[in-house]
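Worksheet for the structure shown next.
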Amino acid sequence: MNQPTDFLYIAIILISIGIYGLVVKRNALRLIFSIELIANAVNLALIAFSRMLPSPEGQIFVLFSIAISAAEVAVGLGIIIVAYRFYKDIDITEYKNLKN
Amino acid sequence: MDKNSTKTTQENEISLKEEDSNYPLSNTLLTSINSNFGDNAKIVYKKEYRSKIMVKPENLVETALFLRNNHGFDHVESASGTDYPADNEIELNYHLGSYSNIDYYPYIVILSTRVNRDDPKSNSLINIFPSVEYHERETYEMLGVYFLGHPRNERFILPEDWADIPPLRKDFRIKGR
Amino acid sequence: MNTATGYIKALQSGTKHVVMKRFTFRYPQEKLKFVGDGYQFDPKKGVGIAGIRGRHILFHDKCTGCQLCAIACEGIAEAITMVKVDEQWKQNKKSIMPQIDYGKCVFCGLCVDACPFYALYMTDDFELSSYTKSHLIYTPAQLAVKPKYDGEVEIKIGKRGAYHGR
Amino acid sequence: MSNIEEKISEAKKLALQITRETEEDRLMTLSVGPQHPGSGHFRFVIKVDGDYIVYVDPDPGYVHRGHEKMCEYRNHFQNIPHLERPVIHDSCNITYSYSLAVEDLVGITVPRRGQFIRALASELSRLSYTLYWLAIYGIFLGHSTMFMWPAGDRELLIDLLERLTGARITNAFSIPGGVRCDIPNNFKEKCLAQVNYFEKRLKEYEDIFFNNPLLRQRTEGVGILTKEDAIKLGVTGSVLRASGVPFDVRKVEPYDVYNEIDFQVQYMKTCDSFARAYVPLLDMRESCHIIRQLIDKMPESGDVREKLQFNIKSSPGETYKRVESGRGALGYHVVSDGSPKPYRVKASVGSFRNLLALPFLLTGSKLGDMPAIYWSLNYWPVEADR
Amino acid sequence: MVDSVFIGLSIITVGSAILSLESRELLYGGIALAISMLGIAGYFIILDAPFVAMFQIAVYVGAVAVLIIFTVMLVRAPNTVTKKETRKRKIAGILLGLGFLVMAGSILGNSTVTQLKFNENAPVFDVQAIGKGLLTYYSPVLIVLALTLASAVIGALALARREDIEERNEPTN
Amino acid sequence: MGSLTPDFRFGNFVGSIVWLVFVVLALVTLLILPIIFFVLFYVPLPEVDGEVLTPYLFFSMMVDPSRTLPVVQFFIHTDLFRAAIFPGFGFAALIAAATIFIERKLLAKMQLRVGPLYAGKVEGIFQLLADGLKLLTKEIIVPSGSDKPIFWLAPIMFVSTAAAVVALIPVADGWVVADVSVGLIAAFAILGFFPLIALLFSWSSNSKYPFIGGLRALHQMIAFEIPFFLSALPVVILSSSLNLTEIARSQNLFMNIFILPINAFVFFISSLAELERIPFDLPEAESEIVAGWLTETTGMLYGLIQLGSYLKLYALAGLFVVLFLGGWSGPQIFPPELIPGAHDSNLPLLQMLALDGLYNPVTVNSIFWFMIKTIIVILLMLIIRGINPRIRIDILLHTGWYKLIVLTFINLFIVLMLIYGGVIGPGGLISIR
């Protein structure tokens, strides 16, 4: 039978994969992938705790979290498309002068 | 046979002086042409609803303009050419019709000119009749007449790898015939 | 509201046709009935007699080998060639008769118009397919055979729509 | 009002500007035809920017067979089976005007009964062509029933043509001097019954297709060719009549017996794709009306054909005769030098004249409107190529 | 039974998470990310939260994955293994990731969380409980969230909109 | 004037038939029987006449047919049977096949044609079999430069996703493959896979027309997903459950369509759009973009997508019936016993013919009514195809985003008003439960 720790270990593994991606990858889309992975890992931990306690708040938080990450992806992808139109590349090292 | 044909067109010329009340439309039109252009526009024939006007290549544009502005001939039914190797000339025919002048609905004026066959060049009527665009393009590739002022004197209907002389010239023979 | 009525009318018109008679003509099982015996021509009056323009029939006793049909065909399809036949006919000194290549023929019937001796007519038979091209060339002997064609279906107009029937 | 030169130059400027400043991913070049299901034997290259067409270049010629050149090698009778090849569905009309031109050159008149039969065949042939066109218009807009019904009902008219002429499509019926043969027995009754039934079917077409709100949404206000533009582009036939010009050769320049027939020129003033689709339907109604009159007024007996020699020599000269075909005015300019063969034949066909409107209408429209506009132009690629 | 499912899910989730970052083609990365999300949804089902699982599938596979894949097709990145990704950076990234893993893992392993167990007899919260929570105590949050989502969508639209096309299309309509 | 080919020999013909029979016999003895035995060793078998059936005893059914009934009864309640045969894939595939045939015949009738006629003597009922065989034997052309894994996987994904939707549809009380507590949301979540598959497949075939078609599919499905969700919302409010079985059961008094006509209409339109059927078959508009996202499909890949889309058709029709037409509720028309008095008699053959122990009048009645309703909905969808042209993409998007969403809200507010006015709902005048 599974225990809460099993799910937490999986969450930690996913978070570390996400951290690795954030550090190594220079591709804007891959960064978004990493962020999504981390967000999902957190969701997983939340649901595991919600099952353990037991309390419905965990599930409610996850619903909020999913909605927010969907919004974030929409805006992020919009920014990537705009940046691609300017720089013809999605490598973030190219985005040097985003200020102007 | 070629000699014959050239003779016929000259024989069939009808002088305008001869009064003919049968064709009132032709008469009004041809009279006004005659008064404006005189000898520059020869009347080749006139029938009911049809008449043919032969002009010099340099007068082509102004005649067309005159016909469009004064008589309402606003479109071209067809623009074609006929090759006369005996005269070393190519005859260009513009069949002008009218949609805006209800009197001239059935009427067709054949505006015609003859250009030199060796170096056929003629002024394009595309600025007067936009409908002439594809007809002139077809005439260019079929008879080799270069239209000055036409934006696209290039291949239209013939195969892309056509490397022979223009096919509607009389010296182009179909194989086996 | 106009939209709704238009849509309902379309729906009604579509469903109404579910009970109408089928118009399809089922070819190999049924065959169309044609007018007359095929296209014929009367050179004296100079007018044809209406009929379907199928493959030709050649009357050997009337053909004189004058080649008029071949000349007529020359500019059209070049399907007719004159060939020598073994038969001896009084009117046909050269004993040549037309041979028709149905791979080229366009069935315009102008050769029938050209024949002044009532020798070449057209028949109802239009089913000429064969496995090889050479089978499509009909010799004068083959052309002399009168084909058998039994079409009996024609368009009828009944209460439940038009259909092909006997 | 919009000026056509301005419009064309504007569109071209826009297209040029877009092509210049474009990144490769902006415009997509699509080749519509010749193997595209929505083109026929024809190709036009279009460039789309998103859903909008910004550049159109028609490229006809896939079925060019040089008919005008071939005519110079054959005599007037031998030309008939050749000239009908471009539009085999409308073969009685496309040979009609050539016959008129040759008769004019030779200087004969057709017997009266022959004129009636010729007009009858022409009307039947026009109906058959229009139905074929309508069927394809239906399937272009995704209406499968509208493909099957006209294609099936066309059988009624083809059956009549087959009884009359002996062939189903390549009729070779109108020849210089009249028609090939007299009408068979019982033809009039059969013709009346079938044409009356067919006229009833037209109402069903209207119910399921023309009054369908989805079709109206799709075609109304699409591809507007105003009267001025139509006149300048010199279009003809149903395209012209849909733009509000009541021009029909049968009415304005009656040939043969059409001056004795009572009929109206059908035209619409909305100038859009729907009008171009609807005017042929009105024309079909009018054609049924004409056929009934022709059968009614036809002389009971008489010659149908002026006897001409096979190698008839025409007098030298030239002529231009036109008739109203399914695609508009169809004229033949025939030059003769006195020999049995024509010196020069030039066909002025409706399809070729309507082709000019295609780039004009398509530029700036949506990709989804492409079939609705293209086929409403009544363009028959084989005829345009000749 | 559950354990084998859990192990399978773990392999799928973690494997496709790694693949989504390391795959050569960006498109495959997007697909792998979607599969990883599906795996997470599978965990949710194991944890008796089917509503959240379905929500996860609907949002992540139905919307986010489509958006990402659409963007991948749109930007047409020439080669996704970029040249700027240096070896040093990679090693640092792996070390950092592993460091976090070891640290958090050891903390977790030594903490009292390991003694916590799932209560088999605990009530399972169905949709009604979640709905009640959303509409009563958390209703202001829900409204704020709705506004956030709406503004995000509008913002994304405003960002990705192309002015030149809009200007041109207006007169034709 | 048909004739045989010149190189036809009667001896060869007979020889080929003999050879075919021999091959079939050899296959049966050498391959199929061992496989059956092998499977039987691993499949749990029921108890018959007091002893557990072993694989060796399994074939004793051939001698004593009455022993089959318990075995059938046992298998009918296994999960595998449900997923693969009855309410699941096999049944749905059968309905899909029947739908394809009926569609062709009905459209043919409407268009004054005859439709399939020659395959299978009677009105061409084996036409589908012939088509399937043809598709199976066709060469599968993979375009050069295509993304091969996605290109091969997408059709399979399409079929399995459609089958997953089918698995959620209950055909009678308790007869459902996956009785999920959030069945409705699950159905919508799985339907959300289709745009992804269409987009991936169109991208992988490396051609322009499929790509435009894929984008259109994406636009269309996303535009219609929201009215699709929203139109099902009042149903959830009315029955206060997301479980499809519960929703169907809650309508035993009256069907939802009487109270939610506008929503039923919107749901129907949206499901047509979701199915890419005429008038919404823009992703496959052949006159504009050749065949849309299916342009590069050949052979069985096309067959699979076709099968998937008709499975989807059945699934959405079933969903419509469950949500709005009261599911399987209907007057009881089946008798309590198939053959009266069979239960009490001790003739084994009679018992077997009466399907004693298998025949449950309530379930059969439920399935019957569910099927009748589903067939009516499917027929409606088919007729729509016959009378409509295709609409344009911008009209479609406009319809989806503006008109349908507004329509759903109208009916939603009506339902809310009725509930708060105390007419329906818990404690209302008309009690639903």
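Labels for the chains are A, B, C, D, E and F, by order of writing; each one numbers its residues from 1.
The working rule: contacts are C-beta pairs under 8 Å (C-beta built on N, C-alpha and C of every residue); 3 or more make two chains touch, one makes a residue touch a chain.
Here the structure is a predicted model, which is why all the values come from computation and not from measurement.
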Legend entry - Far-end chain from subunit F, centres as C-alpha averages: B
Inset, instruction - Sort the chain pairs by how many C-beta pairs are in contact and tell me the top one. - result: A-E
Inset, instruction - Please report how many Å separate the Cα centroid of subunit A from that of subunit C, as a whole number. - result: 77
Legend entry - Rounded Å distance between subunit D and subunit E, as computed from the means of their C-alpha atoms: 60
Inset, instruction - Return the distance between the CA-based centres of subunit B and subunit D, expressed in whole Å. - result: 24
Inset, instruction - Find every residue in subunit C that makes contact with two or more other chains and list them. - result: 10, 13-14, 17, 23-24
Legend entry - Per-residue multi-chain contacts in subunit F, two or more chains: 110-113, 386-388
Legend entry - Shared interface positions of subunit E, touching two or more other chains: 51, 55, 63
Legend entry - Touch list for subunit C against partner subunit F, complex: 10-11, 13-15, 17-18, 20-24, 26, 127, 129, 131, 161
Legend entry - Interfacial residue positions of subunit E with respect to subunit F in the complex: 27, 31, 34, 50-51, 54-55, 57-58, 61-63, 65-66, 69-70, 73, 126-127
Legend entry - subunit E to subunit A touching residues, read off their complex: 2-3, 6, 10, 13-14, 17-18, 20-21, 26, 29-30, 33, 36-37, 40, 43-44, 46-49, 51-52, 55-56, 59-60, 63-64, 67-68, 71-72, 74-75, 77, 80, 82, 84-85, 89-90, 92-94, 96-98, 100-101, 104-105, 108-109, 113-114, 116-119, 122-125, 129-130, 133-134, 138, 141, 145, 148-149, 152-153, 155-160
Inset, instruction - Over in the complex, which subunit D residues touch subunit F? Could you list them? - result: 28, 30, 36-38, 51, 138-149, 152, 208-209, 212, 214-215, 217-218, 366-371
Legend entry - For the subunit D and subunit B complex, residues of the former touching the latter: 4-5, 8, 60-61, 64, 66, 68-70, 73, 230-236, 240, 245, 247, 252-253, 316-320, 322, 329, 331, 333, 335, 337-339, 343-344, 346-348, 352-353, 355-356, 385
